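We call the chains A, B and C, going by the order they appear; numbering starts again at 1 in every chain.
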Amino acid sequence: MATQHSRSAARLMMTPAVILLLGWMLVPLVMTLYFSFLDYRPLRGAFDCCVGFDNYVRFFTSSSFWPSVLTTLQMVGGVLAITVIGGIFLAMLLDQPIWGQGVVRILVIAPFFVMPTVSALVWKNMFMNPVNGLFAYLWKFFGLTPIDWLSELPLFSIIFIVSWQWLPFATLILLTAIQSLDGEQLEAAEMDGAGVVNRFVYIVLPHLARAITVVILIQTIFLLSIFAEVFVTTGGSFGTRTLTYLIYQRVIESQNIGLGSAGGIFAVILANIIAIFLMKIVGRNLDR
Amino acid sequence: MGQITLEKVTKSFSDVQVIPPLDLTIEDGEFAVFVGPSGCGKSTLLRLIAGLEDTSSGHIRIDGKDATDLPPAKRGLAMVFQSYALYPHMSVRKNIAFPMKMAGIAQDEQERRIQQAAAALNLTDYLDRRPGQLSGGQRQRVAIGRAIVREPDAFLFDEPLSNLDAALRVGMRLEISELHSRLKTTMIYVTHDQVEAMTMADKIVVLRAGHIEQVGSPLDLYRTPRNLFVAGFIGSPKMNFIEGEMAGRHGAHTIGVRPEHIDVAEGKGEWSGVVGVAEHLGSDTFFHIHQTGLAETITVRAPGEVSFRHGDTIHLTPRPDQIHRFDDKGLRLE
Amino acid sequence: MARAVSTRKRAIYTVIAWTIGLLIFFPILWIFLTSFKTEADAIADPPLFFFFDWTTENYGIVQERSNYLRFLYNSIIISVGSTILGLLIAVPAAWSMAFVPGKRTKDILLWMLSTKMLPAVGVLYPIVLIARSLNIYDTYVLLIGVLTLINLPIIVWMLYTYFKEIPVDILEAARMDGASLRNEILYVLTPMALPGIASTMLLNIILAWNEAFWTLTLTTVDAAPLTAFIASYSSPEGLFYAKLSAASTMAIAPILVMGWFSQKQLVRGLTFGAVK
């Protein structure tokens, strides 16, 4: 398959994709890096070269930085916990013999296809609204005082909405992984005297380990840049300002490009650390 | 016409040379078989001839014309792959027509050749099926059909029978041999099975680690193997090798005797031993004999039914004119 | 786990699974139902489930007031356009990597994937700046370009995993049969990889359709797709549930249907082949 002719054809055919992605990666990144060392605030006409690490220092020492990191971690961690645990449970349930399995599968997957802006808006208004929301009716029905979800429990509410969107993803991937588990292995374990719990802990969970890792890494990458859900529901208020949203505000709303760019570089570094782990797993898979 | 000549051809993958400089000529109309253990470079050699791999140096000539740098499509060769490599999304008819379509042959001529090939290969009833609906043997025939309609200068076969079961393999072996005697086109056939090589070839090329160990007709190789490797590789069961004192007596470092060239007797013989396993095939009986003091096991092939059993003492006499002698480098002594 | 399970056990599992499935699906069902209510019925206490005066007036109002069709048109242009452009760039690249792998192929694949992980917000301003200076802010060109680039790694990866499953032998057979590179890709590779190409296409249209960072930040009016259309319902129109529901149904219905069709291929696409 590898003659000189086909090799040069291959190189030629790969070039457009490589060049485009290289440009997409490098050009904006270099610009961001450059801006991060400037005092650049277009609205005030400020464009001072070379303020050194001032922007970084200001970004890290600002009163909103650590809360935003904490919020991000809580949000990512919360969603991961809910979706992974819920996903394992749902995947195992869907793997059982049930009537209408295909239909249930479709029902469970559906939220993943819902546009993030739609899901945020609908949850916010039609479910979490303290007056007319469906939850408010439910609470009243049980004689409780309705909760104003997005101002009283804003972070939890957003975690809940995002989890609803990502639970299908986790379920689908874990279900695929569970279905590849060799039934004879479980039967052998049963013959060896392993009970339901032991079978889960010693056979099922190790088998799922790789899929769980993949779910965690991929979700983390998407969740770190969660935007629409915050944008639509709280606009970053009530302590729901994530790192992504903070940077967005600095760049777009306050038009402080230098400061926002410093934050952007930080976000890039953070994402890269996670990406390295994901790459290792995916890369190992390539060798097989 | 299809004379194929390799001149000082080499092939390296990165730093590893898999084919050292190699010269070989396959005459027009010849059925040449490349045989050798796996990893001996026989498939690589075939792919070099096909043009699916570049040669690192040297020249390949087809009918005297330099084809070294020609792409596979321009070499006028057809190939049958081990996996058959049929196009799964096309019917049998379209599969067979594909090379003619690529060559721009007229529709009615295409149809004529398809019908001809289908008739010759017993595929007429299957022309509208997809490869997935065919048995292994039928797929093999489609692959051959796809090769013959091009009317190539030479056919290349890459272990075409290894995915078939034993019974089918014998049948297809005959079909390919018949095809060759009918078309009289050059064929190059790669296999690791020495039985296929012996039964089909006009010329066998024995390869080891990219080197040609010997080239010759099946019987040449059987009668006068040039070295220990060829002697051991050609013939089944394998030739017995004896070293030490007994070899010295024949003026050699190693002597070799084929199992079928040893006579057995109850009472007396040149050598003696104890029967280990006796395999009764009906037509022949194979004895694996231990404690001969010559080699760990001596294999003997006795014609017909011979009733020695496990543990019996047996006497052996090699036919003196059938003893092959080799020197300490493993080369044949005349 | 192909074992005989008692009917009773099966019934229990069925009930639990359906209950959870319906709970998860409920918000979508609720949007759909509410979109056919009058505004008064939509906020009725207690909530109305099936017995209300079904009306389709909301759909008409939404279209009239916010010009739904215009946003739908933009969404289609942008998601389909970026997917097709992406495929045109990715098919040759994936062919190369799957069938003529070199020493660096693996590194290139992983590097492509890593560009996908670049946080958008980190490069937001440069992109806005470039767009403005090229005068393409809020145009199809910009949106299609950006979405093609962010989804290109996924397209290449998915195609790569599909191409990998096609035996090299068959392509070599085509070459022996006299096919040029173009004919080899056209007559042999593409038809064989068609199911894979189709699901790659489907998944990418979905991802592009739902993309909500770049579509919100790089558009204002002209090229704004459905994500922006919905965001505009944030307030105060968001309190008109029936209209919000009608708008939402219109925004998600096309993609929901496509998603259901592509669910089998989804796992592979979203995990870059790490889970099959």
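By our rule, contacts are C-beta pairs under 8 Å (C-beta built on N, C-alpha and C of every residue); 3 or more make two chains touch, one makes a residue touch a chain.
Just so you know, these numbers come straight off a predicted model, no measurement behind them.
With centres computed from Cα atoms alone, the innermost chain of the structure is C. Of the two interfaces, B-C and A-B, the higher number of touching C-beta pairs belongs to B-C. Centre-to-centre separation of chain A and chain C, using mean CA positions: 16 Å. Between the CA-based centres of chain B and chain C the separation comes to 54 Å, rounded to the whole angstrom.
Centroids of chain A and chain B (each the mean of its C-alpha atoms) stand 58 Å apart. Across the assembly, chain A contributes 1-2 as residues in contact with two or more other chains.
Residue numbers of chain B whose C-beta contacts span two or more other chains: 52, 71.
Along chain C, residues 172 each make contact with two or more other chains. In the complex of the two chains, the chain C residues touching chain A come out as 1-3, 5, 10, 13-14, 16-18, 20-22, 24-25, 27-28, 30-31, 34, 43, 45-47, 89-90, 92-93, 95-97, 99-100, 102, 106, 108-127, 129-130, 149, 152-153, 156, 168, 171-172, 181, 206, 209-210, 212-213, 216-217, 226-227, 230-231, 233-234, 238-239, 241, 244-245, 248, 251-252, 255-256, 258-260, 263, 266-267, 270-276. Across the complex, chain B meets chain C through its residues 50, 52, 71-73, 77-79, 81-83, 85-89, 98-99, 102-103, 146, 150. Interface residues of chain B, counted against chain A in their complex, comprise 51-54, 71.
Per the touch definition, chain C reaches chain B in the complex via residues 167, 169-170, 172-180, 183, 187-188, 191-192, 194. Considering their complex, residues 1-5 of chain A touch chain B.
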